[in-house]
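Each of the two complexes below includes chain A, the first together with chain B, the second together with chain C.
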Partner chain A sequence: MQLYKRRIPLAIVLITGVGLIICYYVPLKTSDDILEGSMKWVRIIAAFSLVIGVYSLMRSHYIKIRKQSSGWAYSIIMFIFLVGTVVAGFGWGSKGKSFQWIFDWINVPASATVFSILAFYIASAAYRAFRARNIEAAVMLIAAIIVMVGRIPFGNMIADKLPQSLKFLSPSSLVDWLMNKPGMAARRAIMLGICLSVIATSMRIIFGIERTYMGGKD
Partner chain B sequence: MRKILIFFFVSAIIFSAFLINAEETTENLILPKLFYAIDSPEESDGSICLIWSKSPTEGKDIDYVIYESSSSQGPFEEKYVIDSFLKESLASENTKYFGPWEKYKNFRFKEVNLFVKTVKTTIKDAVTGKELLSYLYEEPGETVEKYEEDSTTGEEIFQYTYKDIESGEIKSGKFVISKKTDDKIKIINKVSTKVIAIKIVPKYFKLGMQRRGGVTPPLPIFLDKVVTAIPKINYFKWSKLNNLVVLFLMYIFVYYYINKAKKNPNIFLRKIAGLDAVDEAIGRATEMGKPILYSTGYYDASEISTIASINILGQVAKKVANYDSRIIIPCKWPVAMTVCQEVVKEAYIDAGRPDAYNPNDIFFIAGEQFSYTAAVNGLMVREKPAANFLLGTFAGESLLLAETGNTIGAIQIAGTDSVYQIPFFIAACDYCLIGEELYAASAYLSREPKIVGTLKGQDMGKILIVLAIILGIFFITLGSFMHNEYFNLIKYFFTVR
Partner chain C sequence: MEQQKPAFIRFLEKTLVFDRRYIFLLVAIAAILPTILPFKLRVDITHETRGVYDEIEKIPDGSLIFFTFDYEPASIAECDPLAKAILRHCLRKKLKVVATALIVQGSGIGERILKQVEKEFNLKYGEDYAWLGYRAGTSAMIIGLVQNLKETFRNDVYGNPTADLPILTNINSLKDFPYLVCVHDDSYINYWIVYAYERLGTKIGSACTAIMASGMYPFLDAKQITGIVGGLKGASEYEKLINHPDFGMKGMNVQAIIHSFIILIIILGNLAYFILSLYSKRER
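Presenting the complex of A and B:
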C-alpha cells in the first residue's frame, strides 16, 4: 500500500517536476512538445474531473431533497437547471440558441448581480476599516481618500481650480504618485517574497519534503 | 572676361543641379563594412542571425534590404526591408543573443528562419462535417492566410494559394469561415491546419541599402559578399543561465538549512498572528457548536497557492479532528475537492477519529467565479460557521466572501498571494496572511524541521536579492559616470530574459 499511496506518486511528482524544469532550459522542439503536451493533459484531466464534480454536486443536493433539509426546494431548482442546461448543450450545441439564451439571460445577469453587491460591500468594509485608531490606520485612511477623490470627476474639478504651480498636488497626480511609487514598491516587495516562497514550496513538493497534500504523515 | 564669367556661372548652375539630383540617388550611401551570418544562439528552430555593422549614412528614409536565394550564384529576391532607424533591429537591444556589450550598439541584426514546413489544411463544412478541401502546401508561393472581414456582410473570409500539380500554376481560393447574423457569429466552415513535416533549406543572403520614397525610387546598392550559415541544434538556453544559477543557489541554501534544522530543530520563526489564531478559531467554533468553513481559493490544485492552502488544511483538519468539530469545504474545482477529501480523511484517521469524518462536508459547489461566491455566501448565511479560513488565490470574490463572513460574526483568517486582494482581506478579516506567509504557514503550524529549514533557505534567497539590489544600484550609478559597460553586468545578470 505504501508503494501505491506514497512511493509511486512521489516518483511521478519528482520525474514530472524535474523533467519540466529541464524542458524550460533546453531549446529543443521536444521540450516545447512536452510542455504543450503536459498542458493538454492538465486540461483533459480537468475536463474529466468535472464528472466527479457534477456527481458530488448532485449527491449533496439529492441528500438535501431526501432529508427535506431547510432550503431543499432550491435543490430541486438546481436539478431542473442542471438538466435543462445539459439538454440544451447536448441537443443544440454550445453555440445553439437555447444554450446561448441560458448563458446570456440567466448566467450573465446573475453573475453581474453578485458582482454588483461588491460596491455596497466595499462601502461597509471601508466604513469599518478606515478609522484613524493609530498612525498606520490614519495613513491608510488618508491614502484611501486621496485615491477615491482622484478617481472621480470631483478630483478633476479640484485640479481645474488649482494654479499651474500647484498642479502637482492635483488628486490625479497624487493618485498616480501613490500607485506608481510607494504602492508599486510595496507590491514588488510582496511579489518578491511570494516568488521565493513559490520556488521553496515547489522544491519541497518536487523532492517530497512536504507530503501533506497527499494526506497523512510521511 | 564676360564670356569666362558666363561660363563659370552656367557651370555653377549645372553643377548645383547635379548636386540636387545626387541627393535623390543611392550613390552617396555607404554600405556596412561587416556582414556575416551565424546560427541563432540557444534556438533549435532552424533560425540564423544576419549581422551587419551600421552604415554611417543611415537615415529616416534609408532602408536596409536583404535579398535571399537558394544558391550562392543567385538569382536573389528581395526578402526583408528593414528601416535603418528601427531600434528593434539594433543588436544591443537583443541582450538574449548579444549580451550587455556596448560594441553591439554599432551592429544591426535580422533573425531569419530556414525551416520550410509542409502543412496540411482541411476545410470542413461546420454543420455537416463534410470535407470541402484538403491539401498539402510546401512550395514557395503556397500560403494559407489573409483573413479578411467584409464590413458589409460581416463575413470572415479565408484565402489560400496553392501550386496546381498538373499545370504548375499558383492558384488561389476563398472560403467563408463565419458570418454575422443578428450580431452573432455563425460558423460556416471550419479550418484546421497541421504541420506534417519540417525541413531546413539552405539559403544565401546579400545585404543592400536603398533610399525610400520619390516618384521612381532608385535601385538599391549591394555588398558583393554573400553569406550563409547552417542552423545547429542548441541544447541549452544560455540567456537563462542566470536563472539556473539563482535556482541552484536557492536549492543549496534550502538543502543546507534543512540539514542544519535536522541537527537543531529549534529554529526561530517570527510570530505570525494569523497562524497563532488558528487554535483560537477552531476552539471558538467547537465551543459554539458551529462548523468551520475552509476555502482553498479560486484556482485548481495545479496552482501552487492551492497546494499551499491544502498543506495548511492538513494541519487545520488535524486540529478539527482532535477538537471533534466539523469542517465544511466548498470547492470550486473537482480535483481540489478530491485532494481535500483525502487530506481531511487522513487527518481524521491520524487523530484516531475515522468515524467522525463526513465526506459530504467536502463537496463541489460551482465552477464559475460568482456562482461559487453566491453559493458560499449562501452556505455561510445558512450554516453560520464560527470560523472562516479563506486561504489561497482569490480574485473579485475576496471581499464578497470576507464581508459575508463578517456579517455572520465569524472569526476570519484569510491569506492570499494576490497582491490586489490583500487590502480587502486586511479591511474585512480579523487576521490576514500576506503573500509569503501563506506559503510559510504549513511550516509554522507543523514545525517540522525539514520544512522550517526551507523557510530559512528562502530567507537567504531574500538576502541575496537585497544584496543584488544594493550592489546593482551602486554599480549602475558608477557605470553611468565612468561609462564602463562592465558595471552593467550585474544588472544583466539579474534581468529575466
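Presenting the complex of A and C:
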C-alpha cells in the first residue's frame, strides 16, 4: 500500500519536477516539445481546479443552510445566482446576452461597489488610528503624507511656489526619491525573500521532503 | 475632573472619538462635489508614464501589439481608464491589437473594452484586432504563448480558428510582438516578466492600480519593464499625452479632493492627539 500511496506519487513528482526544470532551461527542440505537451496537461488540470472550487463553495453553503447558521439566507441567494449563471452560460453560451448581462450588470457593479467602500473605511481609519505615537509611526506618517500630496496636482502647485534652490523639496521630487530609493530597496528585499522561499518550498516538494499536498501526516 | 478641563480640551477629546459616520458623510460629499462642479486641474507627465508612451510611439504604424486585461471588476475605476487610454494610443497609430486575459474575469472586462473601442475606431475584427480570451493555467498559458501561440489558442473567443485570422498570419509566438501592455491590479505582470521578458526579451509596459505601482519600481529600475502608468493619475497623464480627456482626468478631480481631505483629517487628528498628550503630561 505504501508503494501506491506514497512512493509512486513521490516518484512522479520527482521525475516531472526535475524533468520540467531541465526542459525549461535546455534549449533543444525535444525539451521544447516536452514542455509544450506538459503545459497542455497543466492547463487542463488547472481548469479542473475550478470544479473543485465550486464544489467546495457549494458544500460549505449547503452545510450553512442545513444547520441554519447565522446568515444562511445569503447562502440561498448564493445558490440561486450560482445556478442561474451556470444555466445562462450553458444554455445560451458564455457569449449569450443573459450571461453577459449578469457579468456587466451584477458582477462588475457589485465588485466595484464593494471595493469602493474601502475609501470610506480608509478615511475613517486614517483619522482615528493613524497617530504618530513613536518615531517609526511618525516617519511612516510623514512619508504617507508626502506621497499623497505628490500624487495629486496640488503637489505640483506647491512646487511652483518654491524657489529654484529648494525645488528638491517639491512633493514630486520627494515622492520620486521615496519610491526609487528606500521604497525600492525594501520591495527588492521582500521580493528576493519571497522568491528564495518559493524556490526552497518547490525543492522540498520535488524531493519529497514536503508532503502535505498528499494529505495526512508530513 | 471633567469640569476643570478647559472647553478646548474637552472639544478635542470629543473630536477624537466622534462617530465615524460623519467622516463617511464628508468623504461622500468630497466625492460627489467634484462630479457635479467639475474643475480643471493641472496634469504633469511623469517619466514612468512616458516610459510606456514613448515605447509605443517608437513602434512603426501598422505593427502588432499584445494587450492583456489582467484585472478584476473591483479595479475597473482605475484600470478601465488606463486600458482605454493606451488602447486609443495604439489604435491611433493603426497598431494591430491581439488581446488576452490571464484571469477569468479579465475576459469579460476585455471584451467590454474592445467592443467600445471597436465602435470608436470602426475596427474590423480579425484584421485590426483579435480577442483570444482566457485560458486556465496562468504560467502554463504564457509558456504556451512563448512557444506556439496558435497551438495555445487554437480558437479565439468567438470560435474562429486562430490560424485563419488575417491579423495572426505569420505570427507564431509572443516573440513576434514588439511590445506587450499588461493592465493589471495584482502581481500578474510578474508572470509576463518571468516568461515573456526573460525568455524572449519582449518589452513590457505596466498599467496598474496605484497600490501596485509602488511595487513595480524594482522592475522599472532593472529595465524589465519600460514604464509604469499607475492609477488614475497615470490614466490622466496618458489622456493628456494622447490629448483625449476622459474618466482619468475627471477621476483625478475627485481623487485630489479626497486625498486633500484625508491629509487634512490626519493632520488635525494628530494635532489633537499631541495637544491632549501635552495637556495630560502637564496635569500630571
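To be clear about the criterion, the second predicted complex is superposed on the first by the 202 of 218 C-alpha atoms of A that agree within 3 Å, B and C clash if a C-alpha of one lies under 4 Å from a C-alpha of the other, contacts with A are read in each partner's own complex, and residues count from 1 in each chain.
Just so it is clear, a contact is a pair of C-beta atoms (placed from the backbone, for glycine too) under 8 Å apart; a residue touches a chain by one contact, two chains touch by 3 or more.
All values reported here derive from a predicted model rather than from experimental measurement.
Colleague: Now for A:Ile122: first (chain B), second (chain C), both, or neither, which partner does it touch?
Modeller: Both partners, chain B and chain C.
Colleague: Touch test for A:Val26: chain B only (first), chain C only (second), both, or neither?
Modeller: Only chain B; A:Val26 stays clear of chain C.
Colleague: Examine A:Arg187 and indicate which partner it touches, taking first as chain B and second as chain C; both and neither are also allowed.
Modeller: It touches chain B and chain C both.
Colleague: Per the contact definition in the header, classify A:Ile15: touching chain B only (first), chain C only (second), both, or neither.
Modeller: Touch status of A:Ile15: no partner.
Colleague: Could you tell me if A:Val114 is touching chain B, chain C, both of them or neither one (first, second, both, neither)?
Modeller: Both chain B and chain C are touched by A:Val114.
Colleague: Let me test your reading of the model: by the given contact rule, A:Ile63 touches which partner, first (chain B), second (chain C), both or neither?
Modeller: Only chain B is touched by A:Ile63; chain C is not.
Colleague: Where does A:Leu50 make contact in the superposed view: on chain B (first), on chain C (second), on both, or on neither?
Modeller: both
Colleague: Would you sort A:Val86 into first (chain B), second (chain C), both or neither based on which partner it touches?
Modeller: Neither partner.
Colleague: Of the partners chain B and chain C, which touch A:Ile209 in the superposed model: first, second, both, neither?
Modeller: The answer is first: A:Ile209 touches chain B but not chain C.
Colleague: Based on the A-chain superposition described above, do chain B and chain C contact any of the same residues on chain A, and if so which?
Modeller: The overlap between the chain B and chain C interfaces on chain A comprises residues 42, 45-46, 49-50, 95, 100, 107, 110-111, 114-115, 122, 124, 126, 128, 130, 187, 191.
Colleague: For the complex, give me every residue of chain C touching chain A.
Modeller: Spelled out, the residues of chain C in touch with chain A are 16-17, 20, 23-24, 26-28, 31, 41-44, 46, 72-77, 105, 108-109, 111-112, 135-138, 140-141, 143-144, 147-148, 151-152, 157-158, 210, 214-215, 217-218, 221, 231, 233, 252, 255-256, 258-263, 265-270, 273-274.
Colleague: For chain A, which residues are in contact with chain B within the complex?
Modeller: Within the complex, chain A contacts chain B at residues 24-29, 42, 45-46, 49-54, 56-57, 59-60, 63, 70-71, 95, 100, 107, 110-111, 114-115, 117-118, 121-122, 124-126, 128-130, 187, 190-194, 196-205, 209-210, 212-217.
Colleague: For a test of understanding, state which residues of chain A touch chain C in their complex under the given definition.
Modeller: Counting only chain A, the residues touching chain C are 32, 35-36, 39-40, 42-47, 49-50, 95, 100, 103-104, 107-112, 114-116, 119-120, 122-124, 126-128, 130-132, 141, 144-145, 148-149, 151-154, 156-157, 172, 179-180, 183-184, 187-188, 191.
Colleague: Which bits of chain B are touching chain A when the two form their complex?
Modeller: 42-45, 184, 187, 233-237, 240, 243-244, 247, 250-251, 254, 258, 300-302, 304, 307-308, 310-311, 314-315, 331, 333-335, 337-339, 342-343, 345-347, 349-350, 360, 363-371, 373-374, 382, 396, 399-400, 402-403, 406, 417, 419, 422, 424, 426-428, 434-436, 438-440, 442, 446, 450-451, 454-455, 457-458, 461-462, 465
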